[in-house]
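One chain, chain A, links the two complexes that follow: it is found with chain B in the first and with chain C in the second.
Our next item is the complex of A and B:
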């Protein structure tokens, strides 16, 4: 692996992360949908937000794996690409399949990812061995994050409701960009030769919670004050926990965390 | 064209100028975007530093996030459900965006420097405390101005009434602003301030990568020193560029009604682009004549 871009070894297996990401993301969305429908309230929207965090962790690990090949400045671009694939596939899935839309959407996003991986490797000849597999994970992560954050805002999986609550109100802008930054920021912020997987993934939990918080602000209108505030409170609690955990890992990994001081000995 | 439209146009231009300036200075305090790679390289080539390393993403996506977030918060607060005054709604929205900016900046600074442990790059908490608040203050001004421009374009009681919702307009302006800040203002910081020990206009030789100035006029250089330097030229120029874009672009559709005189607006747009190109070319020729070829360069060396 390229030292310049960084990326140490992976302690947590990618298959496990993909399983938890896709499973947790889809489960969260449907649980939020079903519980909101059964109780007739919007209090369970936060479950979709938790699913989004799971998908963000999976996406951040995928970014980490592909960017270890030296795609330094391409980190933000690859996050945007994930969200682009996810958005198109998610909307298509919802439009044709109704309640089953998210599953179809995620499957199509993975297909998109695989196709783009083949294009990158065979046509553009990037020859990065993990490209197809990583873009598949990224497409899935993008689709799940877009769908989950949209469900946080709309409260249920319904194409027309989602169009009215998420797209026509303009909240899709924040769903898109907060989701993209949630996926790309963890590796981008930790890029360097001494990057470690656990620190990156803990930061992914924190940025995922920020995305959930942003979607929670939008849901204050569409889902109602109770559901919206609950989502925001849970997101803030998760963020705080993850941020403190991240700070602990920073202290563990860095050359030194000092209150103030001059440059260390040996610096020029 | 009426007086109200012209007044709004002037207000949008002024807001855009302020937004451009504060956006560039915000990115300079944090060394975001293109100057960032040099800050990142510095420790690796042996120059540990006390410069803020805020690698959130390119400026366009991060500013799109702040603008969209501020606009979403503002549109929620000023909706019929909550009924807050537009001015205060935008202020609260900009505050939320500034807090998000602060969080992303802090995690970038800590994460990037922790990943350079083998080069003895420390994490200085006093840098974090003093600089993050400076960054947030600038981000607040930027987000406020961008959402205010978007609000003027979409408010139902004002004449423009753009069909897109407020968050999407703010998102697009945020992207545009980030792109302007990245292309216009960053040159002043990245090419001049970071490489002050090399002759003016020398360009960046690949061998000098990472050899940035880490010592200040007194003591070690901090990123707030960089904002002070860039506030003299890079920031205002970015503001001027963004202000002109917002002003000229809206001016042609204010003077000519897009519904009935759309083609005039298009023609005026093309004319403005041609005029700007001629102006740029004249400026380039004048600069080349005035400063001449680089002094050490005495033609191609024969083999």
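Our next item is the complex of A and C:
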């Protein structure tokens, strides 16, 4: 444990965040799937993107809880691990269970997370008390983010469609990296002794919206221009709102923000 | 779901070997983390996962290239992946050393040993006071090359096994990356984020990483081989 990265107290309870993250993520995916099927359009894909944002917020909170112990390898490592576990679990769920796949995938991802937590604590002896529970949350967050962003691109929950629209087109790379960055970036950017939970989570909303925007660009070709543009517009609106909110919280938490003006003549 | 027969067991076995190679390979790569980025510790100035993923991805690309030419020759594919990863990690260490030597102005030196095990050069006189080494000295460079070899070979072995099961390059590549990343992170937890190479005392923790990576790859590998290519 080389560097304790700090991290303030939590105002929002982790159980609540996990509930909203898992519930919102899965609900968003299924709503997008059902409404797209019923109307025969791709306009409702954005709902899956909203679910992805909920899962990103949950994942970012899990990252800040475990990284406050100082895991010694940098924050990105744990975000990449979440996506690694989430990807295998999510695709396994989809391949064996079809429409029920996301739920099975998320459950398996939580199992992977628990196992990794046990390995980290019992075999490698990291002795971080929250490790098992946090990796469970992160596995679930990773799986939901991958599935939700894939549903944004493919428009419905169907293994073959997802293979065609997400894997064969190569968008899986964007989904993987944009999702990983969305989960790990908020705490990585805010860490330190003056870190506050609301600032980190608001940044998570904005990074999640960027992931949704990226998936929206992908969906322009796969679900159609209408659905894709709608997803991108909503993502851009959420990003703008969240980023302005984040900026306000930065000003709240900083010691002082002063405008210094330009350098004077000959100042260089 | 694909059937679970003897061939599948062979693929699971290959995936486990690949995962173990990745986990062991991480221990060879000189990673210095944030202190190294400020030239205050030996190693490349970034995290294990970034280095491992970078070399692993390059390895996958070269393995994929070989797979498109010789899809049945496992040895060639694995070797091609290993060479790709070695090139990537060597270029990173070399260019990193250029900036340490010519821009920061520090000699590459190890903080963990008194004499470089390969060149026999004394190390302590060159360490700036208050730091624990700089840059990538010869022994770390050789160690990093071995790490790239193992990581690249492991990653391409996983890729080869998965390609034989589902036949979709995108899916196999990202599963390989998923399994790769999980093993790399577990291994880097084992070394607490930084290591100089095989001469570092932390290298003795290797058995723990082997145990953990074995269990982790076994479980994830069993799930990964059950995913079919949508036929």
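Some observations on this one:
We take it that the second predicted complex is superposed on the first by the 254 of 268 C-alpha atoms of A that agree within 3 Å, B and C clash if a C-alpha of one lies under 4 Å from a C-alpha of the other, contacts with A are read in each partner's own complex, and residues count from 1 in each chain.
Simple rule for what comes next: a residue touches a chain if its C-beta (ideal position, glycine included) is under 8 Å from a C-beta of that chain, and two chains touch if they have at least 3 such contacts.
Every value quoted in this text rests on a predicted model; they were computed, and no experiment measured them.
Touch criterion met: A:259 reaches chain B, while chain C stays clear of it.
Legend: residue contacts after superposition of the two complexes on their common chain; A:76 is shown touching both chain B and chain C. In the superposition on chain A, A:98 makes contact with neither chain B nor chain C.
Within the superposed three-chain model, A:172 lies in touch with chain B and with chain C [touch as defined at top]. In the overlay built on the shared chain, the residue A:226 is in contact with neither chain B nor chain C. When the two complexes are superposed, the chain touching more residues of chain A, out of chain B and chain C, is B. In the overlay built on the shared chain, the residue A:185 is in contact with chain B alone; chain C does not reach it. For the contact definition in use here, the residues of chain A common to its chain B contact set and its chain C contact set are 72-73, 76, 80, 168, 170, 172-173. Interface of chain B with chain A (complex): residues 37, 40, 44, 46-50, 55-58, 61-62, 64-65, 68-69, 71-73, 75-76, 79, 81-82, 96, 100, 103-104, 107-108, 110-126, 164-171, 214, 220.
Residue ranges on chain C touching chain A, taken from their complex, read 1, 33-34, 47-50, 53, 168, 170-171, 174-175, 177-182, 184-186, 188-190, 192-194, 208-209, 211-212, 215-216, 219-220, 223-224, 226-230. Of all residues in chain A, those touching chain B in their complex are 4, 6, 72-73, 75-76, 79-80, 168-174, 177-178, 180-181, 184-185, 188-195, 199, 203, 206-207, 210, 214, 217-218, 220-221, 239, 243, 246-247, 249-250, 253-264, 266-268.
Across the complex, chain A meets chain C through its residues 1-3, 71-74, 76-78, 80-81, 83-85, 87-89, 91-92, 95-96, 108, 112, 115-116, 119-120, 123-126, 159-160, 163, 167-168, 170, 172-173, 176.
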